[in-house]
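The first chain written gets the first letter, and so on, giving A, B, C and D; residue counts start at 1 in each chain.
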Amino acid sequence: MLTLENLSKLFGGVRAVDDVSLTIREGEIFGLIGPNGSGKSTTINLITGLYTPTTGKVTLDGHDLTAMAQHERTSMGVARTFQNIRLFGNLTVAQNLWVAQNGHEQRRAHFLARWFKAGGEHGPDIEELLRFSQLHSKRDLQANALSFGEMRRLEMARALASNPRVLLLDEPAAGASQEDAQLLAERIRAVRDRGVTVLLIEHMMELVMGITDRIAVLNFGRKIAEGSPAEVQMNEDVRAAYLGGSHKNEELVHA
Amino acid sequence: MAAALEISGLTRRFGGVTALAGVDLSLLPGEVLGLIGPNGSGKTSLFNVLSGHYAPDAGAVRLDGRDIAGWAPRRIARAGVTRSFQNLRLLKRLSLYENLRAATHSAASGRELFWQSRAAKRRERSQLMDLLALFGLEDKADDAPGALTLVEMRQLEIARLLAARPRLVLLDEPAAGMTPAETARISRIIAEHVLPGRSVIVIEHKMPLITALCRRIAVLQAGVKIADGPARAVLDDPLVRQSYFGSRPC
Amino acid sequence: MLLDLVQNTVDGLAVGAAYGLLALGFTLIFGVMRRLNIAFGPSIMIGIFAGAWLHAEWSVGMVPVFLAVLAGAVITAAYVERISFAAIRGDAALASMASSFAIWMQLEEAVARVFPGRTYGFPTFDGMPMIEIGPVLLRPEYLVMLVTAAALVAALQWGLAHTRFGLELRTLADRPEAARVSGVNVARVAFLTFLLAAAIGGIAGFLIAAADGQITPKIGLWATIKGLIAMVIGGLGSLRGALIGGLVLGVVEANAQWFLGAAGREMTTYALLFLALVLLPAGLAGRTEAGARAEAERRL
Amino acid sequence: MDSYTISVLSNIGLFSFLAISAWILLIAGEISFGQQAYFALGAYGAGIATAVWQWPFALGLGFGIVLGAGIGALVAWPAMRLTGVHFAIATLAFAEFLRSGLNIFRYRREVGGYLTGPDGANGFRDIRWAYEAGVEPLGYLILIGGCLLSVIALVACLARGRGMALLRIVGEDPILAAMQGISVARVRIGAAALAGGVAGFGGGLYAHMATYVEPAQFGVMPGVHALAYGLIGGLGTVFGPILGVLVDIGALESLRVFSGYRMIVFGGLVALVLIVRPRGLLDEAALRRGLAWLRR
C-alpha cells in the first residue's frame, strides 16, 4: 500500500537516509525503530513531503507522491503527528479538527462554499472523533488549555480528521509514563480497527514490540533489519546497534 | 580531590513541563562522564543550562568552586566551558579557518580589532592550521564548511572547541547520524585530542562510543538522575535497561 | 483645556480607527508569513489614485470610486505578493522586507509618472451634518470611519472564528508545519491573506482620502508608517493589539497636534514608536506564554 | 571633466558612505532603515561647526563623524536587544524622529554680519567653507574620493584584524558567538557606532558640497536606497555597496534611456537580485571564489 522505493536523502555531505525500501501493507501496524540520528524522522519527513528525496520515490496505492506538495499528500490520505506536539493552540479543540477535515472527496466541493463553512459534512464525523478521543467534554476549550495527555490525543484526532489511509505517529509515547503507554497502545489498535494503516516510530521498545505486526530497523540511514517483532529482537545487528558493547562493536571502536 | 564541576539541585521548567528536576552531578578534574537517557529526558537541557543558554529555576552550578548558574553564555565560555551542538552549529558563510578563529576572538585585545601585527597573524594562523591539520582539514582551510562530510563537520566543531582552550567540554551527541566506522573514528579523535587534561561530559545514544570513552555513566530520565556510577554497573542496572529498552529482555 | 482634550480624543479615536485598520492589514500579513510587507501602504496608494482618476475622468459617485480603490489595492497587492514574497525562499524574511521596499520605489515612481502634480482631489462625503454630542463635535466622516472600523473588525473576528478560510489562516499563523500536514494549502492561504489585508487597507485608505478630500503620492509612505507604528505599539501579530495600537496612536497624535503643533506631533509619534519597541517589544497586547515558549524553542 | 560628470561622480562618492554605513550593519545581521539620520547628523554637525562656530574644515568634519558615531552608539544601546523586524522599525522610528526634530531645530547666530545656522524646515544655508577656501568641484571630488578611500582602508584594517570576523560571526549566529565568549552586545553597539560614524562622515562632506541642507532631504528614501545598495551589490566585500551605488546612480540615473523610470527599473532590479541571490552579487561565496582565484 505505502511503499518507499530506494529512498535516499543527502544533506550537504550527509546521508541521512540511504537507499531505504519499505512496503507497508494495508491494515497493519508497522514499527520503524532505530537509534537517534538513524534517519527515522527524515524518513517521515520524506513521506509527508517536508523534504524532497535526493533519489527514490514514495507511492501510495500506486500513486506517486514524490512530486506532490504537503497538502496534496494529506488529501491523498497521509497524516502524521509530531514528536513535539504541534497543535493550533489558539483554536478550540473542535476547530483543530475542523481545519484538518478535508478528505479527498471534499476537494471537489465548491471552493467558496467549502471555505465559508467551518464544519464540513464530509470526512469523519467530528463529534464521533471527539468521543473516540475522549475529548468530547473539552470540545470548546482552547487547545492550549489541555493537559499533556489530552494534547497528544487531540493531535492524533486531528490527524484522523483528515480521513487518512496511513497515519504516521512520530514518537507518540515520548514523555509518557508506563501506564500512559498502555493506554496509548490500546488507542493505536483502535485506530487500526477504524481501517487506518499505522506507521509507528518509537523509542519505547515495549510499546513497539507489543503492538506492531512488523518492524523495520534503521541505523545510520540504512535499513538493517525487517520482520516480525520476535525476529527483529533476535537480530544480531539490531542488538549491536542498540545496546552496543557487544564484542563486535568493541572491536570496531578499538580498531 | 576537589570537584571540577559540582551541580546541585538543578531545576528548569518550561511552562508546565519540568525538563530538569533537581539534578545533582559532580565531575572530578580530568574525568569523563557519559550522560545517557531516553529522548526528552533532559540531557540537552542540562547542557543548555551549563552553557548559559537557559537560566536555571533553582540549583547551583559550581565550576572550580565558583557558582556560575545564571551567568550569561559569554561569561561561562570565558570561564572555560565549551560545548558542541547535537545538530552542529557551524558558521556556513565563513571559511573553515574563520570558524576556528571564532573561538579565539574573546581573548583578543581591543587594538587587535583593527590591527594584528604580521607576526601575531602568522602565529595565530600556524597554531590554528596545526589544529586543522590534526584533523586533516588544512587543505580546505579557506573553503566554506558546506562541502564537508558529516564526520569532517564534527571534526571542525571539535577543532573549534579545542581552539577555545576549554577546561570543561560538553559534547552533545558527537556521533549522531554516523556509521559504526565513523563513530569509531570520532571516538578515537575524542579520546586522543579532547580528553587529555580536560573534564568532559558526553551525551550520546551510541553505546560503543560511550563505552569506549567513559568509565563513569550517569542516566537521566524525565529530568531526574536515576543512575550514576561505573559504566558496566550502570549499563547492567535493570532500572536503566528498562528505561531504555522497555522491560522485556532485549 | 479639558474640553480640548475630550474633543481631541474623540477626533483621535476616529482617525485611530483608520490607523487600526491599516495595522490590521499589516498584522494579518505578518501573522501568517512572519514577514513585513513594506509595500502595503503603496499598494493602498495605487488604489486611492485609481479611485481619484476615475472620479476626475467620469465624475462617478462614491460607490464606483470605492470599488476602484479596492480593486487597485488588491491587484497591486497580488503583484507584491508574487514578486517579493512567493518568489523568495521561506527563510529569507529580511530579503522579502527589502524586496517589498524596492517594489515601493517602483509604485511611487509609477504614480509620480502618471500623476505628475503634487496633490489631487478626492470625492468627499458631502451634505452630511456635523454631529453634536453635548459640547463635543464629531465630523460625519469620522463617524463613518468609526462605524466602518468597528463593523470590519467584528466581521473579521467572526470570519476568523467561523469560516474555513479564517481557521486555515489562524492555523498558519499558529503552527505552519502542522497546518501543512493537516492539508492546508499554505501558498494559497498566504496569497489570499495578502489580498484580504489589501482590501482592509483599501477601505481604510478610501475613508482617509474621503475625509481629507485630497491626496498626494506621499500617502503610500504615510499609510505604511502609520500602520507599522500602530502594529508595533499593539504587538506584532496580534489582531486585537493592532486595533488598540491604532486607537492609542490616533489619540496621542490628535492631542500632540493640538498642544505641540505639527512638528511636535511627528516627534511624539516617533518617540512613542521607539519607546514602544524598546520597552514593550511584545506590544500592548502582550505575548502569550505559549508564543514565548515556541520562540525560545526556535532560538536554539 | 565636465561639470555633469563631476557632479555624478561626487554623488556616487557621497552615497557610497551611506551605503557602506548600512552595509556594516547588514554584516552584523541587522537591517537599518535609518542610516540617513546619521548622514543628517553629520551634515548638520559639520555644517554648524564650520559655518556657525567657524571651526576649521577638518575639525568640523571630525565633529560630524563623532556626532554620527556617538548618537549611533547611543541609539543602538537600548535598541541592541531588538533583532530583525523590530530593529529595522526602531531605526526607522529614530530617523523620522530626528528628521521631524530638525524641522523645528533653530540655531542661528550672527557671523560676520550674516545670520547663519539651521532654521527649522527652511533648512540650513551658506555652509560656505568650500567656496571660501576656493575649492573647485573637481578638487572637492578628489577630496570625497580620498575620504572614501580612508573609509575603505578602515574596513580593510578591520578585515585584517579581528573586527570584520567578529561582525560576521555575530551577524550569522549570535547564540554561537556568545558561547564563544564574544560579547554580542558590544559588537552590535560597536557596529552601530562605526556605521553612524561613516554616515556622519559622508553627511559632513555632503553639506559642504551642497552648501545647503534641509530636513526633507533626509527622508526614508535615501536610507532605503542605501540599504538596497548593499543588498544588490553584495555582502561579501565593502565593494558590494559601492557596486550598488554605481549601478543605481552611475548607470540608471545617468543614462538617458532610463530617465524618469530610474526607480521603476532599480526597484525591479533589486527585487530580481533578491530572488536570485539573496545576499547580493558580490556575496561571501563569490568573494571566496575570487580570493581562491587570486591565490592561484
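Basically, contacts are C-beta pairs under 8 Å (C-beta built on N, C-alpha and C of every residue); 3 or more make two chains touch, one makes a residue touch a chain.
Labels paired with UniProt names: A = Amino acid/amide ABC transporter ATP-binding protein 1, HAAT family; B = Branched-chain amino acid transport system ATP-binding protein; C, D = Branched-chain amino acid transport system permease protein.
Predicted, not measured: the structure shown is a model, and the values here were computed from it.
Trainee: Greatest Cα-centroid separation from chain D: which chain?
Mentor: Taking each chain's C-alpha mean as its centre, the farthest from chain D is A.
Trainee: Give the chain pair that accounts for the most C-beta pairs in contact.
Mentor: Going pair by pair, the biggest contact count turns up for C-D.
Trainee: Counting in whole Å, what is the centre-to-centre distance of chain A and chain C, each centre being its mean C-alpha position?
Mentor: 41
Trainee: How big is the gap, in whole Å, between where the Cα atoms of chain C centre and where those of chain D centre?
Mentor: Roughly 30 Å separates the two chain centres.
Trainee: Distance from the CA centroid of chain B to that of chain C, rounded to the nearest Å?
Mentor: Between these chains, centre-to-centre, one finds 48 Å.
Trainee: Give, as an integer number of Å, the spacing between the C-alpha centres of chain D and chain A.
Mentor: Their C-alpha centroids are separated by 53 Å.
Trainee: By the touch rule stated above, which residues of chain D touch at least two different other chains?
Mentor: Within chain D, residues 175 contact more than one other chain.
Trainee: Among the residues of chain C, pick out those that touch two or more other chains and give their numbers.
Mentor: Residues 290, 300 of chain C touch two or more partner chains.
Trainee: Quick one: which residues in chain B touch 2 or more of the other chains?
Mentor: Answer for chain B, listing residues that touch two or more other chains: 53.
Trainee: Report the residues of chain A in contact with chain C in the complex, numbered from low to high.
Mentor: Per the touch definition, chain A meets chain C at residues 48-50, 69-71, 74-75, 79-80, 82, 84, 86-91, 95, 98-100, 102, 114-118, 120, 144, 158-159, 161-162.
Trainee: Where on chain A does chain B make contact in their complex?
Mentor: Residue positions touching the partner: 12-14, 16, 35-39, 83, 148, 171, 174-175, 203-207, 209, 220-221, 233, 239, 242-245, 249-250, 252-255.
Trainee: Over in the complex, which chain B residues touch chain D? Could you list them?
Mentor: 51-53, 72-74, 77-78, 82-83, 89, 91-95, 98, 101-103, 105-108, 111-116, 121, 142-144, 164
Trainee: Considering the complex alone, what residue numbers of chain D touch chain B?
Mentor: Per the touch definition, chain D meets chain B at residues 154, 157-158, 160-163, 165-166, 168-169, 172-173, 175-184, 190, 279, 284-285, 288, 291-292, 295.
Trainee: List the residues on chain C that touch chain A in their complex, please.
Mentor: Residues in contact with chain A: 161-168, 170-171, 174-175, 177-187, 288, 290, 297.
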